[in-house]
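In what follows, chain A forms one complex with chain B and a second complex with chain C.
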Partner chain A sequence: MNFLSNKSYIAWYFVIPVVFIHLFVIGIPSILSLALCLTDWSGLGKINYVGFENFIELFDDRYFKKAIFHNILWTIIFLTVPVCIALMCAYLLTGIKRGQMFYRLAFFFPYMLASVVNCQIWKYLFHPIHGLGGFFESIGIEALASSPFTTKDTSLYAAAFVDGWHFWGFLVVIYLTGMYQVDNHLYEAADIEGASKFQKFRYITLPMIRPIFIFSLMIIIIWSVPVFDYVYILTGGGPAYSSEVVANYLYTHAFVRFNVGYASAVGTLMFFYVIFIVGIFGLLRRLGWEI
Partner chain B sequence: MLVSNFRRKEAIPNHFILILFALLAVLPILVLFFNSIKPFSEFGLNPLGPPSEVRLQNFPDAWIAGEYTKIFFNSSKLVFGSVILCLAVSLLAGFSLAKLNPKGSTVIAIYLLVGISIPAQLYILPLFLLWKELSLLNTHIGLIIIYSALNAPFATFLIRSYMIRLPDELFDAAKLDGANTFQIFFRIALPLSWPVILTAGLIIGLAVWNEFLFALTFITDPNFKPMATILFSFQARFENNYALQSAAAIMMVAPIALLFMLFQRRFISGLTSGGLKE
Partner chain C sequence: MNKTIISFVTSIVLSVSFSAFSKTKVTWSMESNADRDPIFLEKLQNAYNNAQDNYELEIQFEPNETRIESLRTSMLAGMGPDIVETPGPSYVKEYQEAGMLENLDSYAAEFGWKDKLIPWAYSSGVFEGSLYAIPKTHESMVMLYNKTLFEENGWTVPTTREELEDVAAKIKAKGMDVYTYGSSGWQPTHEHLVGIYLNNYAGPEAVYEAITGEREWTDPVFIEALELLKKHMVDEGWWSGSLENYYAIGWDDFHAQFATRGAAMMTIGTWTFQATSLGIGASDDEWGWAPLPSLSSNSTGPNFMIAIGTTMSVNAAAKNKDGAIDVLNWIMSNKDVVIDIASDFEFGEFVVPLLLDESDIPSSISPQVTSYLNEYARITGEGNYGYCTWTFWPAEPGVHIWKDMEVVWAGDISVEDFMSDHQKMWDKARKKNETLPVPLRD
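This part shows the complex of A and B:
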């Protein structure tokens, strides 16, 4: 239907600016990257076509494999810990009358803050002499005696913790929106049957919010791919690559070593992975999964 | 409200757990605030608690040490520039997708949806080389263009979903009166859309204010850096002066906290609308 104008090209005038600016900044550079991944360009001089050499090299690269493994771990952590906490908090929130708004604001506020600020807060709190380390020492408990960000075994989890701390309130709000759409009669019927709180959650709430729930899992998987800020600021990928993630690895190759071809190959893999995930969820929806 | 979900007396354990998590979310920020008004000498004995003596001088100290007059101006310029440019292009596109239904509008919608999910790492390097070629590195306009493009798909969809609910009769009536499409956009669609303009503007502004990766990459001259990357270098420069660091961080948080108090619902609904399907 085109009820405003008989000339359909006018509708296009309105769309051109957004398409132009998006192509200029994201579309064309993305295509360039997909092409440059087949070259050995260093940003200057001649561009040589090398076929799939970058990818072959990548699959042999110990540090890249390590980074991928860390991204997978990161995804698994985010698919479980914040999701469970957020589901629980959202469900508990539907059961109270007073203080609803207070809790919602408190949970959500960290999500509004810049990564630099959140990282600074936790760098301080996890500092061995200041912050919680100093506090525990003063009351005689041996905990956090060294910063988890500079310890090999914990650096990745510590960075994930800070990112998760800032993120989970977002999930609470999303789940809450879904839970409020659940028909009250279902709970009343369950009450008559004598269902427990957990049974009501398991057999009413969870199935009813399934579309939103599945969707939240999809964005977590997608958002776990380009994770950068928290790792770069808190650990820089170290110590000794113990918290290296793909985005930080790409950043080092791109802007420290200027391996344009190699970095583009990493970016290309990230892109196809994301498209693959979106495709799977799209397919599931087509197959009649209500998501 | 799901009152029947739980009975009143059963709500007490709920509050207990919820308060624990609320404290986990809020206490760290409170510690940051305490530290920003704590004298430097007090940190050794009292790392977490409220200061025994309030020292507001930390703020002017941090302001001068970080040359924040300039930096605040840089960030404001980026925020306002991006909000205006991004809103302009997104309003036009949102209006068209909602009410004009151009042929092939699904292609545009799909393009923008794919655009949202492309990881920045795919295009950041070619974009950097392109910006270098165009002499846009270390300029605010260069970053404003990037931020507008990054946020435009989200803003376009948000605006589209709002405008699509505006009654068609209004537009038909204006058309009968002889108004052309541009007049209809400016005189009818825009004035009726101020709520979504406000929401989208707040979300874009927040994203730009907090943005780190592109600011880090595209602005290396300290004179042009925004708050986020200055705070990052500030942390390294004054590594052990937590009073100064915390005051600088609070200066970055304060405008957001203020706006959040005024527009909580807008922020929450705007930021989560991307995660919720129509």
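This part shows the complex of A and C:
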């Protein structure tokens, strides 16, 4: 009874409903999924234990390897392009006094739209008949005759571009929030010392927003693992697996090829990869890194 | 007097209420389509409900993208609709193996279903010797062409590869695409083309031997068939001008292209008849259809690929099994209902494979569709039919044929390697008893 009325446990009581829901919606299915990776379950019917057969097959699967490579590329792209643009824009925005809200809203707006809407807009824009290609052709210019989403050499980058276009506004907002928390006296001192805008950014802004910046890198690395919607809608992983990513590969095996056991093996590897990344960041924090 | 009136009204109300409440509900989860749903509600659900007093059919519409998954989840939970609609035999196989479908043998014998259905269509629902599914619609692949355009230019509808390549060159010289077609929104579109080339180059006999395990998919005749497809698709850009455009074009686009002379021909399934009639029908041009040309001497004479579009089964855990059987039997016993609904879709949907006579075809449908139905019946009746991949390929080789075909077209692997992989998948499917029913060939 004392335990129930103990004030120090009150926070726990409020958290219990959420834990309960997570347990049933995420916890149990995750454990089941981990178990299914050792079976050949089709999604219906009998479940046969196959040991590590799915993993052996997976490590020999050229398209799975290709998907992993694409996820790595995707991560690199997102750790560089949107981050750089967002940092630059956020920094420039701090110097804008009038109309800043308009820019913030404009940059953030794509992030508020559903992925399917964003994707359809870009698909229409690059449509070979009705899109920009068709328009250029009508005025005698040979450009964008083929959609970059359906061209093998560009499909992954085109999908990443659209996802990045929707995402970078979010980064602007969080970087901007960090930048407004920087003590203005530091900039005033730098001004007295004759520091340039770049020097102020490099030696004041960036170090001061480091926790937010590192956090953004961590979520980019983690979010790049289950990347799915933009690839699925824009390219379906094609053409010829040229934009295949691990989550889409998992989806195809689970829901199209009736290979739930195999898909679970893919999911298990994704799970351990995320745990690994989170572990690294946790370790760095324990080592005293300000992240 | 007042008492008499009150008791009369009360007895009517009670009898109506009793009749309504005495009906037990039968549920059917059906693929939704904005144009088709009202017709199914009126001419199937309401017509059935008005035709008898025992059961109340309730059709629940849902887009296939989500329906297939929600159906699987509910079936796994021992729930699900009474009538189980699947996109094809490979799905039926999965449910049947899991023991989730009712064995229909006794009902088929009791109601004489075997005598009402086209033999090959009936046998497509027979798994391990027992009937588990009835086709909701059957279909084939055809070549559509702009008849007016062909007549204006004096082009002949091709029946052989030489004629096809000749007319293709002429069409391209006019600045049009040879065929319009595309896979945007539906990647399995590729399998339509692969099926055409396998059947019309290698020939239906060779395909039959391969799907029954008498011939390997690595046989040179299949390699040559897919090499030819690659040449026409990649090197010559027959479909929508280029491989990239083929990937970028979807259902509305290729119908618009066909209607506006962007292309002269279209390779497509018979499910398109209604859309084609409405699309090009709105222009001044007239459309025609033809069997797909023979692409080598292996494929002699015209043939039609046979296919099942959707299937109907009874849930083994159905709350109203008798009602579900009654609905299926009502459909198969009322060909007027089937013909009426199919006519609304220009025989592109709900073509339940009932045995029909020429006189059964209503005059309301377009002359092109009438002539197709007659030719289809005549030619397939003579045993000249091939095999569509989505009806006769097990799940994994079936996905491989469309998903990995892009890798061949991209030049990442050779056709030989592709077919070698394909054979391995068939071997695996055979080993796991995943192959699908194939009607015996005469």
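Just so we're on the same page, the second predicted complex is superposed on the first by the 266 of 291 C-alpha atoms of A that agree within 3 Å, B and C clash if a C-alpha of one lies under 4 Å from a C-alpha of the other, contacts with A are read in each partner's own complex, and residues count from 1 in each chain.
FYI, a contact is a pair of C-beta atoms (placed from the backbone, for glycine too) under 8 Å apart; a residue touches a chain by one contact, two chains touch by 3 or more.
As the structure is a computational prediction, the values presented were derived from the model and not from experiment.
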{"item": "Combined model on chain A where chain B meets chain C, clash or fit", "value": "clash"}
{"item": "Which superposed partner A:Phe255 touches (first chain B, second chain C, both, neither)", "value": "both"}
{"item": "Touched partner set for A:Gly43, first chain B, second chain C, both or neither", "value": "both"}
{"item": "Touched partner set for A:Pro207, first chain B, second chain C, both or neither", "value": "neither"}
{"item": "Chain B versus chain C as contact partner of A:Gly169, first or second or both or neither", "value": "first"}
{"item": "Greater chain A contact set [chain C / chain B]", "value": "B"}
{"item": "First (chain B), second (chain C), both or neither touched by A:Gly282", "value": "neither"}
{"item": "Chain B versus chain C as contact partner of A:Thr150, first or second or both or neither", "value": "second"}
{"item": "Touched partner set for A:Pro128, first chain B, second chain C, both or neither", "value": "second"}
{"item": "Touched partner set for A:Gly236, first chain B, second chain C, both or neither", "value": "second"}
{"item": "Segment of chain C intruding into chain B (one of 63-71, 99-107, 135-143 or 333-341)", "value": "63-71"}
{"item": "Chain B/chain C common contact set on chain A", "value": "43, 123, 130, 255"}
{"item": "Touching residues (chain side chain A, partner chain C) in the complex", "value": "42-46, 123, 126-130, 146-147, 149-152, 236, 238-242, 252, 255-259"}
{"item": "Chain B residues within the chain A interface of the complex", "value": "1-6, 8, 10-11, 14-15, 17-18, 21-22, 24-26, 28-29, 31-32, 35, 43-44, 47-48, 85, 88-90, 92-93, 95-97, 99-103, 105, 108, 111-112, 114-115, 117-130, 145-146, 148-150, 152-153, 156, 168, 171-172, 175, 180-181, 184-185, 206, 209-210, 212-213, 217, 227-229, 231-232, 235, 242, 245-246, 249, 252-253, 256-257, 260, 264, 267-268, 271-272, 275-277"}
{"item": "Chain C residues within the chain A interface of the complex", "value": "68-69, 72, 75-76, 94-95, 97-100, 184, 187, 241-245, 247-249, 253, 257, 262, 395-396, 399, 403, 406-407, 409-410, 412"}
{"item": "Residue ranges of chain A touching chain B (in the complex, touch as defined)", "value": "1-5, 8, 10-12, 14-15, 17-19, 21-22, 24-30, 32-34, 36, 43, 85, 88-89, 92-97, 99, 101-117, 120-125, 130-132, 134-135, 165, 169-170, 173-174, 177, 179-180, 182, 184, 187-188, 191, 197, 200, 211-212, 215-216, 219, 222, 225-226, 228-229, 233, 246-247, 250-251, 254-255, 260, 263-264, 266-268, 270-271, 274-275, 278"}
